[in-house]
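These notes open a run of structures that come right after.
Below, chain A partners chain B and then partners chain C, in two separate complexes.
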Partner chain A sequence: MSIAAASNILEDLASRFGEGAVTPEPTLDSVPTFWTPKENVLEVLEFLKTGVEGPYRMLYDLTAIDERTRRKRQDQPGSDFTVVYHLLSFDRNEDLRIKVALKGESPSIPSATGVWSSANWYERELWDMFGVRADGHPNLRRILMPQSWEGHPLRKDHPARRTEMERYTLPLEKEVREETALRFVPREWGIYRTEGNGTEFMFLNMGPHHPGTHGIFRIILELDGEEIVNAFPDIGYHHRGAEKMGERQTWHTYIPYTDRIDYLAGPLNNFPYVLAVERLAGIEVPERARVARVMFAELFRIASHLVWYGTFAQDLGQLTPVFLTFNDRERAYSIIEAVSGFRMHPAWFRIGGVQSDLPKGWEKLVKDFIEYLPPRLMEYEKLVMDNAIVKARTRGIGTLTLDQAIDWGVTGPNLRACGIEWDFRKKRPYSGYDRFEFDIPTAGEGDSYARALVRVEEMRQSLRIIEQCLDNMPSGPYKSDHPLATPPRKERTMRDMETLIAILSVLGPVVPAGEAAVGTEAAKGNNTYYLVSDGDASSYRTRIRTPSFPHLQALPLMCKGFEIADHIAIMGSIDFVMGDVDR
Partner chain B sequence: MQGIIASVLTIAFVLIALLTSSAALIWAERSLLALWQDRYGPNRVGPLGLFQPVADMIKIFTKDDWVPPFADRPVFVLAPAIIVITVLTAFAVMPFAPGVLVADMDIGVLFFLAMSSLSIYSVVLAGWSSNSKYALLGGLRGAAQMLSYEIFMGLSIMGVVLLAGSFNLNDIVEAQRNMWFFIPSSGLFIFFPAGLAETHRLPFDLPEAENELVAGYHTEYSGLKFGMFYIGEYLGVTLIASMITTLFLGGWLGPVLPPAVWFILKTGAVIVVFILLRASLPRPRFDQLMGFGWKAMLPLALINLLVTGGIILALTDAPVFPGGGNAEPL
Partner chain C sequence: MRLNTNETDRPAGGEAPPRNFLITKLEDMVAWGRKNSLWPLNFGLSCCYIEMAASITSRHDIARFGSEVLRSSPREADLMIVAGTVFVKVAPMVKRVYEQMMAPKWVISMGSCANSGGMYDIYSVVQGVDSILPVDVYVPGCPPRPEALTEGLILLQKRIAAERKPLTWITGEAEARGKELPVMREQKGWRKEATTLREPDEA
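Up next, the complex of A and B:
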């Protein structure tokens, strides 16, 4: 992410589109950022995807910022809404941000669905949340909010609190209306099937309450017998407005909300958030906190993968593993509870460090766990992965090629199962991951079994990392001395007035204005928090790029032509959590 | 007159014993699964949770007896009764101990096959009358699965029939005095999976497949009608296990202990294997299950039949059928 590389891509763009076609913007996270006029944004994107050396092959994220109440915007062109494309190049190991300034109350951009398949849902989200239309989108309807919702929630003029809205009532006719709006009407999804000698396919509504969908997820399957002709996922039932809450909570009090995004691996969401805030505030985290964070994150990676392991087997009809793996997860939670006081959502990370020092005797707990788990994993290997029926059910099922995976924004274990070694812990080491010895497991087939193999091996690698944390835990403070570290260290509050005020009044620092995005390797894929600060006690815009959202978008592609039973196996193998999808 | 009273008493005894044992099976299955899955299982109601089935029964009896408005009412109500009736009727020919059986039929084996075939109607009609897509898919799966596994279930028994020279289950047990039939006839290894498929239990529970089809053919059922399916499943398990005992494991034969105890012990052991399979195996896909049936099990059943027949022919120069080959047509 060097400046040289940034100027390089600027030259490329200038030579292709002419001098001044794109305007660079300096950012705190040193991600090259360019402003492009709306007219030629598609060409710029197309060029970056295919035309440059070391192409940006993945549309990593696509979101917008409502700029209408923002005050501190140095070096930025004026706009009411800014659409932000976040691209990722595997060859360069670099990100790129393309920004488009939009004016007016009902702005629109040209749809990028022709360039990246994954743009589809992101553009629907853009419309739903900001009212930014994507011209030429195949099916531009709301994605997270109910179809009957009025307004666009992430606009600044949309209320953020219950008390700012009218009192909610649900009279009978409204209830009926809302329920009718949920009925699946093929034409609304752009399906007009008239061809094919009058054959009609059956639509099977699966979910939002279905034992196989892992949470409140709805998918409509178009079936020929039991074979899936097409599938239409419908999400948003788990939407809690996490991004909107980010604008309401202080920087500090938002941490527990991030725990609940991918609720099976809380600290893996805390991680990119606190890293991004620290980047904005310029906080250096002490060594002990860095290693403790890594240990915590890896414990939760194991906890999350254990849940996946059990439910994956459960989806294939195996009753027992889920009880065993949940049992093991409880043992990991005992450590987490001893350290943080909570089990599932510890909210232990703090801006500038962690909440408390590791308790006395934590070494023994961790040591017991890393001795306990490997034999159990061996047992599950025999029980699940080596089972002939499991293999028959998952091999060659739901195969993604590497190109498809990249086109659809797939990351994490699902991407590594397609044969690319791409892990932020190795590629962009954060929090000192570069000093740990571990391998990145990959598999080549890209099918459900390969995805499972990668995850199983990842648990062993996480154990290795935890063992190194145990052996090399540095001593020293667990929180930074920086005045913006929250809550400030007790000794400091007793000495200077500013920190005392900070702890007494809002429990929140005022983070300098700027923008930063930090991506980490979460349990399910790459997780990025893109924070915009306007120099306030809370964020101006919190964008959460979760891995499960694009994974779920690729589900119809994976399950076409397979059977209902395969569909369940595929859903089990991609390991999504609805909290992570809907936020 | 005395004969009638004796028969009525036997029937009553068998019915009560079966219903009690299938209730006890619910407890046994839950406890065993819990044991293998590192958890407690039922332990609240009574000592060791033994009265759990009673509590379940009370719950099921007092639940709202609801029929979905979109269902085909008469068929919907009839379907769960069929499975219980057919399975219980099939027990009529089962020799629990010498002399303890309801009907000593010469066509016992055929009667059993007929009754277990009829129980398909329960699944198919439930799936159809529910007027729900999940139930329909479950019913379709059930029909196809049971039809195909029926065929080699029948074929796998024929080896035993050859060995015993009779369709009468009592005669079949008597014929095992020297050697249990699972040794000369490997039909057990074909009959067992077929029985699993017949009772649609994991790993062959595709008509239910809760991860895929919610609850398959009985998705729309609740209360007592659901309870009938539930009991029907456990009765089915008991039936198949008793059948395995009778056909392959020497029935009530055994030293020292009374015959009825031997019968119960053997049947119990087979049921434990059923539960163990449920605890350990995943579920194959539908086409894999059918492929396994037609491509592996059917040829095996036929080969088994041929080999068994060949051995009998080679070892005995006497006529195979008792009665000197002049057996009357049935």
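Up next, the complex of A and C:
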């Protein structure tokens, strides 16, 4: 991202809205960041989406920061709450941040749902988590917390720990009350429609406990016979307060929490987090650690895709593949376990490197795996992808056009299935991905079958990357010597005092004040950690932009006009994880 | 329960009975049957459910212990494995599903979150599923390995084998509990006494 490009967009904005309408702010991640007054924001966003050359077509993220207790705010206008729009331009391969300063205890912004459809859920989250009201929003209700919740959890004055609050009990009256509150009332969801000819649609509740929803997710289907007229996803059943947790854990001890966001692919969540902290702290990671990270991440991408492969086939009525793919996943885990000592959530990445060096004999394990898997994938291809029933049930089902996908914030394999080659590993290479040879599989149809095809091919490409890691693993240290790398390398502790203090310190490193966001290509799509440091031992604000959240928001769009059974196939094909949606 | 295979078992002066019958009490027979055909509810909350699925699939194959018949309807299930975090928003639903299961029923709490909240002492998480429903076996881990879940299942089976519940809720208290299970931490104390550990840097 060049400075020239940043000043370019600043000129565009200044010529359209006048000098001083937007104020630039320098950031550590060199993402062009501009402050704009609340009155202007919708026009600015509209202009950036449609009026500039190389438009910012995707609303990548929308969040807020409670600034009331923040101390180090150089170059920033004063505010109680700051709303942050994170835009993405495919043509420029560039991000842009628009910040709006809000004052007072009950702030509000104009709703951007008219500009981007995907702003809907993000603004509901703003209201739920921060109490920032989006004026003109079609259905501003809580999204993650229960409707009966009091307070806004990500405000600094809301308690973080459950043990600080009243002990949770569930007497009968409360159970009945909560159950009744879950009843679907169309009017509460902004549906007032009655058909003129007396037609009534049926509402079918699906979930939160349903084997087809891949986790605790609820969706209400509005049906005309078997046909889905509309769908209303209800999320938040898996909200584990990961962002609030980031404000309490130290920079180092937060790593295990990131593993549990997209819990099928732990290290792919560690990746953007440690990269963002390293950006803030200015740590250079040694070569061996960079390649080892890539290898570990790609192993998990395969493990995650294998789970998807099996469950997707199961959703379509094939019971055999899940037993086969889970077995292969166990083989991947045998490597992961030998390296990190853990299966699902290894937390093996560290700030400045990885936890330990690769064990002796790892090469053999990896070699066996990359020889073992390709013939198996061929077999599954025959079993699943070439199967006539699978094809009949997924081709032309749940189609997204490229424009829709971009408008709804869809990324990852689901976006690539719409025919665009967009992958952060190629477009914004991190951790040395630019030195690997691999292809980005795409498909053009944008339907459920295309999404599946992309993932199947991605596993092969991941195997290629792992093979290159195996052949070219550099020697050298597995962790940086930078004073903020955590914990410091053991060999050094016996030699210098500073390192010994760091290793004995309970809090871990103090990361310099500033803001940085780093995005990576996770198994489900683009994953970004936006970290705000106030020069403390823990983060001031941790924002996790997960890919599954917008994917699920686009689900009604995909399943309208199809039947209930197709809906199951569509859900299987978009590969979401509730931990990745609700965080 | 005794399988008649012994020639010398014949009653004095009588004819040798055929060797293919069992002599047992009905309640022993029922306990044996219950122990070996626990049908788990297909119910998952978060990460632990993936490891629960790993227990069901080929390598760990829970069918070896008679528990592979996953039921999606609580009416047909008799074992609830609470696999994952119990969130405040989902807790009423967990309780509701538990109540819909027919007695006799058992609960395994799988993983740190379901046991105690684990690493999530956070506003949206109930600190242990036992604040809303009774638990028979706690399986530690984050998430527990499939082997750990299998161990939990075997422990539960031992307990069920020793339990004498009424045959139906009509004849007595359906929630009757068996004897307390031993604390495994005490049973496995020998592990803490280990002085030589395997080197981690050998694959």
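The criterion applied here is as follows: the second predicted complex is superposed on the first by the 577 of 583 C-alpha atoms of A that agree within 3 Å, B and C clash if a C-alpha of one lies under 4 Å from a C-alpha of the other, contacts with A are read in each partner's own complex, and residues count from 1 in each chain.
One rule holds for everything that comes next: a residue touches a chain if its C-beta (ideal position, glycine included) is under 8 Å from a C-beta of that chain, and two chains touch if they have at least 3 such contacts.
Fair warning: this is a prediction, and the values are worked out from it, not measured in the lab.
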### Task
Name the contact category of A:N327: first (chain B only), second (chain C only), both, or neither.
both
### Query
After lining up the shared chain so the two structures overlap, which partner does A:M165 touch, if you call chain B first and chain C second: first, second, both or neither?
second
### Task
Classify the contacts of A:A565 with the two partner chains as first (chain B alone), second (chain C alone), both, or neither.
first
### Task
See if chain A has more residues touched by chain B or by chain C, and give me that chain.
C
### Task
Could you tell me if A:I389 is touching chain B, chain C, both of them or neither one (first, second, both, neither)?
first
### Touching partner for A:P211 - first (chain B), second (chain C), both, neither
both
### Task
Considering only the touch criterion stated at the top, classify A:Y237 as touching first (chain B), second (chain C), both, or neither.
second
### Task
Considering only touches as defined above, state whether A:I98 meets chain B (first), chain C (second), both or neither.
neither
### Task
Figure out whether A:L319 sits in contact with chain B (first) or chain C (second), or with both, or with neither.
first
### Query
Common interface residues of chain A with chain B and chain C?
210-211, 323-324, 327
### Summary
Residue positions on chain C within touch of chain A in the complex are 42-47, 49-51, 53-54, 57-59, 72, 85, 87-93, 95-97, 117, 119-127, 131-132, 142-143, 145, 200-203
### Query
For the complex, which residues does chain A have touching chain C?
144-146, 153, 158-163, 165, 167-170, 174-175, 178-179, 182, 208-211, 215-216, 236-241, 244-245, 256-257, 260, 263-264, 307, 310, 322-324, 326-327, 329-330, 338-339, 341, 343-345, 356-357, 359-362, 364-365, 578-579
### Message
Using the touch definition from the top, list the residues of chain B that touch chain A in their complex.
### Response
33, 36-39, 133-134, 137, 202-203, 205, 209-214, 278-288
### Task
Spell out the residues on chain A that touch chain B in their complex, using ranges where they run on.
202, 204-205, 210-212, 226, 313-320, 323-324, 327, 383-384, 387, 389-390, 392-393, 563-568
